[in-house]
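Structures are listed in the sections that come next.
One chain, chain A, links the two complexes that follow: it is found with chain B in the first and with chain C in the second.
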Partner chain A sequence: MIEVTQETRAGWLVVGVKGRADAETAEQLEAALRSAVDQHSKVAADLGALDYISSAGLRAVLQSARAAQTKDVEFAVCGMSAPVKKVFGMSGMQHLLTIHGELPC
Partner chain B sequence: MLTMLEEVVLLAVDEQTGHLRSTREFGTAYALVGAVFFDLALARKIDTGTETIHVIDPTPTGNATLDLVLAGMAGKPQLTTVRAWIEEIFLRRDDLEGRALGSLIEQGVLRHEKTKRLWIIDVERFPMVNNRPQQHVKARLAQAILTDAIPDTRDIMLVSIAEQCGLLGYVLSDTQLNSRRERIRTLCNLETISRKVSDAIAGLDAARQQGVGKIV
Partner chain C sequence: MVLNGNLRELARLTAEIEQFCGLHGLAEDVEFDLVLVLEELFVNSVRHGGCEGVEDAAEVRLTMLADGIALEYADRGTPFDPTKTPVPDATAPVEERLAGGLGIHLMRQIMRDFEYHRLDGWNRIRMRRPIPVEGT
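Coming up: the complex of A and B.
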């Protein structure tokens, strides 16, 4: 299960993600993030309420960042919960993504 | 579209001679298991955590090789770690390379030639019938490594498997590879499957060195 919200804050479109990002929900997550990228020039994925992320979930985030890069949209990942932060750290996603400890807005 | 396994095996075919380049025999076998896992992940049949792997949909993909591995995994739910499954598939010796070559011949990409050397030794070659798929694979690898853009998921997987098979040297020059070593490391580290295949290869190398040490 995953819950996705959207709100605009200080020039950023913040996509809040809650629940588990795995193979079952990755498609929904990627669709939500890509839709945000289509709508706005600054997108932040707030993963503070995400309990778990699998490889499929990581791919969804990375491919959304790729879509943003192609469209010249600023894309940041922020507010990660401890387990999610650990997974991001192990995969070295910080080398390809902009990661903030807190929301950039 | 070729599978990840077929793309990597195709990359191992020498375009001029049709011979298979085999640089790291056992390492390659592990890496090909990783390629099958990537194919299953792309087909949304399996998913991985930082250590674990599990089947999320056991229904067949329609590809005989992938379905063989998928059925094996679905039948052994007690094996839960990526590392354990890499070892399991490796030990089953399913001849993943042979199956991929057979499929590439069937798809009209390669043909099979068998000749005798000194009238006794069988020599197999797989000359290209259509070299475009291999050129496409090489172009994607070069693009993923030589630019700083975020690559497509398939290309990230392809870089890691090609690296583990020791095949990147057939795509890029030493100078290019040396200047992009950090980028290659970054891409190889992204996926749990790649990290665990690397661990398995490192474990094998360590065991071999210990074995050599004992003999010496």
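Coming up: the complex of A and C.
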């Protein structure tokens, strides 16, 4: 299960992600993030309520970050819990992301 | 436990791992890692191993060890040894690295002591999630 919300905060379009980003929900997550990238020049994925992420979820976020890059959209990830952050770290691809500890989440 | 070749089985697999971890008082990070590794293995079997739609396509067994948890996973898919796939090249283009192998890459960082056998039409994998032993 995954729940995705959208709101504008301090000049960012913040996509709030809640639940689990796994093989079953990755498609929904990527669609939501890509749609945000199409709408705004600054997009932040707030992963504060994300309990779990696997390679499928990771791929959804990283692909969206790539899409943002090609469109000159600023793309940030914030609010990650320690276990989620660890998975990003293990991927060796966190350089694709601007990782914010607090703002704009 | 036995899994059918359908991604909807992930919820049941996760619940089973949670139950195992609860029973043995394992920390949340251990549970997270076991769920992650088993999802990666099972999704690979279903999406790339030809297990999609196969009944009793995979088997999972978790066992407590003195120094961690033994994870045994078997599937009826095409022969595939995830312990031997090439390590992703850190200099390869991002697209290439995102395309595949990310799950196996994560698995190899989390787990230790990999063993793989192909036997009677089954891929059989055994590995260990280490847990630091107190006092060492």
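A few notes on this one:
Just so we're on the same page, the second predicted complex is superposed on the first by the 104 of 105 C-alpha atoms of A that agree within 3 Å, B and C clash if a C-alpha of one lies under 4 Å from a C-alpha of the other, contacts with A are read in each partner's own complex, and residues count from 1 in each chain.
Just so it is clear, contacts are C-beta pairs under 8 Å (C-beta built on N, C-alpha and C of every residue); 3 or more make two chains touch, one makes a residue touch a chain.
Since the model is a prediction, treat every value here as computed from it, not as a measurement.
In the superposition on chain A, contact of A:Q28 is made with neither chain B nor chain C. Within the superposed three-chain model, A:Q6 lies out of touch with both chain B and chain C [touch as defined at top].
Look at A:Q63: by the touch rule set out above, it reaches both chain B and chain C.
Look at A:S91: by the touch rule set out above, it reaches both chain B and chain C. In the superposition on chain A, the residues of chain A contacted by chain B and by chain C overlap at 22-24, 52, 54-56, 58-59, 62-63, 66, 86-87, 90-93, 96. Partner chain C is touched in their complex by these residues of chain A: 22-24, 52, 54-56, 58-59, 62-63, 66, 83, 86-87, 90-93, 96. Chain A makes touch with chain B in their complex at residues 22-24, 52, 54-56, 58-59, 62-63, 65-66, 69, 86-87, 90-93, 95-96. Within the complex formed with chain A, the chain C residues making contact are 7-8, 10, 28-29, 32, 35-36, 39-40, 43, 47, 88, 90, 94-95, 97-98, 102-103, 105-106, 109-110.
On the chain B side of its complex with chain A, the touching residues are 41, 44, 46-50, 56, 149-153, 156, 186, 189-193, 195.
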